[in-house]
Structure formats: structure tokens, C-alpha cells
Amino acid sequence: MEAFVNQVVAGLTTGCAYALIGLALVIVYRTTSHVNFAQGEMATLTTYIAWSLLQAGVPYWVAFALTLVGAFVFAAGLERWVIGRLSTASPLATVAAFIGLFMTIHSLTGYIWGYDVRELPSPFPSGSLAGGLVSWHQLGVALVTAAMLALLWVFFRFTRVGLAVRAAAQNPASARLSGISTQTMAALGWGLAASMGVVAGMMVAPQLYLDPHMMSGVLIYGFAAALMGGIQSVPGAVIGGLVLGVLENLLGAYVVGTQLKLTVAMVLIVGMLVWRPQGLLGRPSAKRV
Amino acid sequence: MSSIDKAQDVVLDVQRVSAGYGGPAVVRDVSLTVKAGRITALLGTNGVGKTTLMRAVCGMVQATGSVTLGSTAISGLRTEHIARLGIAHVPEGRGTFIDLTVEENLRVGCFARRSMEGAADTMERIYGWLPRLAERRDQRAGSLSGGEQQMLAIGRALMADPKVLLLDEPSFGLAPRVAAEVMHLLRRLQSETRMGILLVEQNTEIALGLADDAYVLRAGAVVASGAAAQLRESADLQAAYLGSH
Amino acid sequence: MNTSTRNILVVSLLAAALPLFVPDFLTFQLTQTIGLAIALIGLNVLTGWAGQPSIGHGAFFAIGAYGTAMLINAGLPWWAALPLACVFGAAIAFVIGKPILRLEHSYLALATFAIALAVPQLVRNAAVEPWTGGAQGLQLDRPAPPAWLEPWVGQDTWMYWVALVIAVAVMLGVQRLSRARLGLELRALSDHAVAAAGCGIDVPRSKALAFVISVVCACAGGGLYALNVQLVTPDSFTLFLSLTMVVGLVVGGPGTQLGPWIGALFVQFIPSYADRISTAAPWAIFGVAILLVVFLQPSGIAGLLSRTPWPRGH
């Protein structure tokens, strides 16, 4: 029984990373109609930057904040001056551009930091509570994720800019007629997504260990999480991420073994796309020929 | 207060605008003016280019020619910039943000304001004109009826305190009684503000009954224009250009 | 025989003479290029003509490679194993093709991305290890030149000729397709699927056919790769391969006849030089190359070349 609870808790912890990446994908999709295949690579890159800051002696939460802001600015700029220019490109060109982004960022990471595995420390004390059921790190990850989600919620619900982003995501044409610049909203969306990637990367690196390939598994589960809500739903991605984290752990421990993680993700993604593209929570839309 | 008492400043000046969607021009060499405090109707059957012209004014389609708002040239500017300069466009189909609440829809309209000062007052004024919206201010906009959504869309446009209001088929899909309410609102706006209103309507009876001036479009070009009262009298004009109505 | 077919045969004959003038290791690399080019020709049909982006064709390349290896290890001669592996691939494509291709571009890319990530993990898995060789992979033997040729023609050269013959067959087949009804249908639906459907084109069926063709070509390319290298391991068929294939197609020139070949040469030879700079360099070069092409020269290198007066045959 204790082992089961441990698996569930561990699943919820990785689920937080999946939820954050899934959320990042949803936000980018809703503000730009693009699927950002390079979201995981961006998260890896920014996590490495945080690692370097820590190596240089910067206190953890300062490094965290700096990386968060830096990632936001970098991603917003990337969308505004590079990706944003793709609006007139063919679908193949768009996908190709994201692949180019993926490969360029991946190689940058490998070039600057090399391919050896690095250790990113956890800011939380070691040891556990509740009689070994939950570690401080796991609790910390959950709290940080919850704080991030709460901040995001407040931003969207109660600020002017947040309202503008929501409006632009729902109905870009009407938003423009009301004076909202969809270009700026897209850049904001990318910035927010990148920030979430930072949190996901820094929270998950102590477990997964930092190397250039760290986030590819997280990315694919993030996609699956986003799809569970129908790629348009913010709560869907969050719930999806947590559910998938737990599912992955339970399936790995009791059913298929730990080596088939990506295969399970593939089956989930392809299955969902084919049989229920609006996700488990979304509404069907007429998008297929 | 009759409209003759108001000064006849031109707030929107469209000069020789042609526009299209990449192929042959849908709007050909159209010129029209909208004056402050007056309602100008843009008439014509389906597909003559009325919506395209409105979109061209707002920078939503490729266009040649010049469009001036007051003394500012706006041709070639981005749509959101044009909105912030003082043109509010209520598009065909209303463009309501269905997943936002009624009040949030109105607040979105504020992004086109020159400054947020007075926004609260404007909102109260709009709720005053549209009490049913006030009752539903925290309801999801998608749950409103067609007529209420139309009012909401107009309300959202008004939140920007615009100089010019463009309305694309506001009575479309509405029951006659509801359409009449919309027209009544427009009449109130005309008498209580100095906005210039450009109204696209397929229903010429309603349009000519409400408007001060009118332009008739056919195959993308202006074929008749003048005081609405005169156009209404001219049965030949109506029969020749507007079909049976 | 029309100009284009004649062009293909003439160029092939010239190409066949190459091994006599170049060192063996280069012939080996050229054979690798041919395998990749065949896969890209197939990807071109799906992504270049029909506009359906797939970033998972490395997985089908792997299926062809592993299929050929497994069948050879089961006792079949290579000239039966390779086609059979292609048939197996076609069957899989047939089953998953129709549902997957209903997806809109980004979603299709996403689904194929997932497939590309998952397949290496699948073949590595302990459950199928008896067949796939797990992490070590499988070894296999090349087609050997007939005894009477052996003094003059080395193994690498013979392998090269085998690959070339298969490539010519694929090229001629695809060329016929390009002119046939299916070719037009695919281009039409790439432009505007709804309008194409309105013209009576059975869009799902055409897309599925394009998919099957692309998979068969990928399997053939993969099988040739396996025969050439004589070893298949899970690490040879990672996500990088799938992404590389897209890079090859886009940089070469999507929708053109020459594109897959230019792309294959680019993808095959650049890394061997780039590797000397750093391990990260091949990825970087591919990434930058594809970005440059997308923003500056969307018709690829083939598009650039077609502006110069080459003899055209269409």
C-alpha cells in the first residue's frame, strides 16, 4: 500500500512538469495557432542557464527569478521577430521552421554545456514527511507549481493585460477591432509559455538529471496532457498532466515496465488525436477533411 | 433635436478605395463620407462589397485609395491602430467573445480608448442605454440571445468612445421587434453623441427610415447617393438598384 | 520514352560508373545517400505533393531496416526480405494511415512526432528482444556480387549498384504517378482540401495512398541502409533521423524531382564534415539550414537551381 502511495505521489510530482509544459503548449496554441515543437528544448536551454547561474554562486531563488524573466524576454522576442513572420507560410514551412528551432536550440545547448549529465540541486530540504510518504522535494514542487498556476489565474482573471490575452485567444479578429494587438499578445503568450518551461525544467531536473535530452520525454507527455483538454483548455492541460504523471508511474510499476514510457505516450497521443481530438473535456469542432 | 442643427463635419472620408481578396477587386473606386452626428446608410444586395468596404476602412483587407479619419490618414495602418484612433467596427456576426462575461466584453472595448479616464462613466452610460445587459453583467456572453448579443457588441464598440461607428448588418437574424430595438438604440446614439455612424443594412426600409444620408452599392461601385429621404421617395431608384423590397 | 525518363536512365548509367573512379568508403557513403534519397522521394509524395507534414518517417525507415534484418536472420535471401519488409510497412501504413491523416497539419505533425520518439524505445524493449536484438540490435549480411564478377567488383560497388537499380525503379514509378491521376489529386488537395473534395476527389483515400507510398519508400530506404551497414540498432533510428529527413526534403526542395536527391546528399555529407567541429554541429547546421530555407528560399536548393537554364524534361 505504501509503495502504491509512493508511486502516486511521484507521479503527481512529474505530473506537475507535464502540466506546466502542457499549459505552455496550450497558451502558445491559443495565442498563435501554432504547436511549438521546440517548447521542451527551450525549457532545457533555460534550465541550463539556471544551472550556470547556480554554478556561478547565485542564490537559488535569485537564479530562478532571473531565468524566469530572461526566458520570458527571449521567447517573446523570438515570437515577435522570428516565428511571428511565419503567418503567411505554408503548413509545411511552419512545421519545418519549428523543427529548425528545435534543432538549433538543441545544438546550442549541446555546444555550450556539452553532453555530460549535470546535476541541478533541489532548493528543498532532503528527507521526507508523513512517515516517508512525501519528500520535501515533492511537496516543494507541488507548492511551486500551484503558486505558478495561481499567479497565472490571477493574471488572466483580474488584470487588463490578462483580459486582452484571453480576448485575443478567443477571437483574434474581434480583439484587433477593439484595439488589441494580436502580435503583442502572441509574444506575451510565448513569454508566459517559456516561463512555465523554466519552472518545469528546474523542478524536474533534480529527478531526471540535466542533459540536452532531458525534456523530450516531458514534452511528449506535455503534448498528451494538452490534448486531453483538447489543446484549447487550460484546466484540461493541468488536470491532464497530473493524471498522466500518475498513470505513467502506475503503468510503469505494475503493467508495462518502466522502459515503455514513450510508447505509452505515443499510444495515448495518437489514440486521442484519432478518436477524440477535442480531448476528454473539450467540445468538438469542425477541423477535419 | 434635428440633425440639421449639427455642424456637418466629415469624420470619415473614403476616397477612391478599391479592395479585394487577392483576385479581382470586390470594391471598385468607392468614395463616401460620414459626417459627425449623422447616420449614413450603405445599401445594396448581397455580395456587392459592403462588408469588404468596411473591412478595407479598418485595414482588414488589401486596399488602394485613401481613408481619412478626421484629419488623420489611416490607409495602410494596422487594424488595432485604426481602432485606437477612433473607429469602432461592429462586424457581421457581431464578433462577441462568447466565453467572456458581458462585463468583460465591455471591458475589452476599453483597449481602443485614448485613455482609461472616464471608462467607468462610459460603462454606466451604456448600461443605462441597455438595462438588460446590466442585469446580465456577470453572465457568459454566449448565453445571451441574438438581440442581446447585438446590443452587447454595440456596447463594446461604444466603450471606446469612438468618433465613427461602423455597423455591419446589425439587424441580421433578429426578429423584427428586436431589430427595431437596435434601430432605436442607434437613433438615441445619433441624438445623444457626435459620432458618425455608417450603417450597412440589407433591409432598405429600416435603413432609409433611420439614416440621414445613403449610398447605394452595386457590383462594388457606388451607383447612387444622397439624402436618405430622397432615395426613399424615388421608387425607380429602389426598383432599379435595390431589387424588390 | 519521354525526355524525363531518358534523363533518369542516362544519369543512372553515369552514376553507375562512379564506383570505378572513387574510393570504396565514398561508394559506401553514396549507397547510404541513395537509401536516404529513396526515403525522401517517398516523403516528397506525402509532404511535398500532398502537403501532409510528417516528422515521423524515421520510424518507417526503421521498420524497413529492422524488417529486412529480421527476415534475413530468419533465413530469407535479401531480395525477398527487402520487398517483404516493404509490404509489412505498407500494411501498417494502411491501417494507421486513414485515421491519422484526417488530422490537420499541426496535429498530424504531432502524431508523427510521437511515433518517431516511441519506435526506438519499442524495438529496444526486452519483450521483443528475441526478434529485434534489443539494445545490441541485429547483424545481417550484404548482397554479395556473383562469383564471376568478384575480381573486378568489390562488395561496396555491388551494393551500390543494387541500391541504384532500386532507386531507378522507385523514381520511374513515382514519375508515372506524378503524371497519373493520383499525382494531380495530391497536388490539388494540398492546395485546398475542401475544394478538392468538392471536385470529386476522394481526399481521405488519396491521402492514405500517398501515405502508403511514402512508407513503402521509407521502408525500401531503410532496408537498403540495413544491407549496406550490415547492422541495425535502436540508436540508428532516433528522432534525429525523422527530423533529418524533413530537413533533407525541405532544404532539397519539396515537391520537386531533384529535391530528394539534393537533400539526401546534403544530409549525408554535411555531418561528416561538421562532426569535426563538434558533436553539436550537425544539428546546428541542419537547424540553421532549414530556417534559412523556410524564410529565404522556400522552394529549396532545387528551386534555386531551376532558375538557372538546366535542360528540363517534364
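Worth pointing out:
Letters A, B and C name the chains as they come in the text, with residue numbers starting at 1 for each one.
In this section, contacts are C-beta pairs under 8 Å (C-beta built on N, C-alpha and C of every residue); 3 or more make two chains touch, one makes a residue touch a chain.
These numbers come from a predicted model, not from an experiment.
Across the assembly, the mean Cα position most removed from that of chain C is the one of B.
Here A is the chain whose Cα centre lies closest to the centre of all protein Cα atoms. Centre-to-centre separation of chain A and chain C, using mean CA positions: 32 Å. Separation between the centroids of chain A and chain B, computed from CA atoms only, is 43 Å. The mean-CA centres of chain B and chain C are about 56 angstrom from one another, to the nearest whole unit. Across the complex, chain A meets chain C through its residues 33-35, 37, 85-86, 89-97, 99-111, 115, 216, 220, 223, 257, 259-263, 265-267, 269-270, 273-275, 277, 287-289.
Per the touch definition, chain B reaches chain A in the complex via residues 58, 60, 78-80, 83-84, 88-89, 91, 95-100, 104, 107-113, 156, 160.
By the touch criterion stated above, chain A contacts chain B in their complex at residues 160, 163-164, 166-167, 170-171, 173-182. Remark: chain C residues 47-48, 51, 53, 55, 96, 99-100, 102-107, 109-111, 113-115, 117-118, 121-122, 124-126, 193-194, 197, 203, 239, 243, 246-247, 250, 254, 278-284, 286-291, 293-295, 298 touch chain A in the complex.
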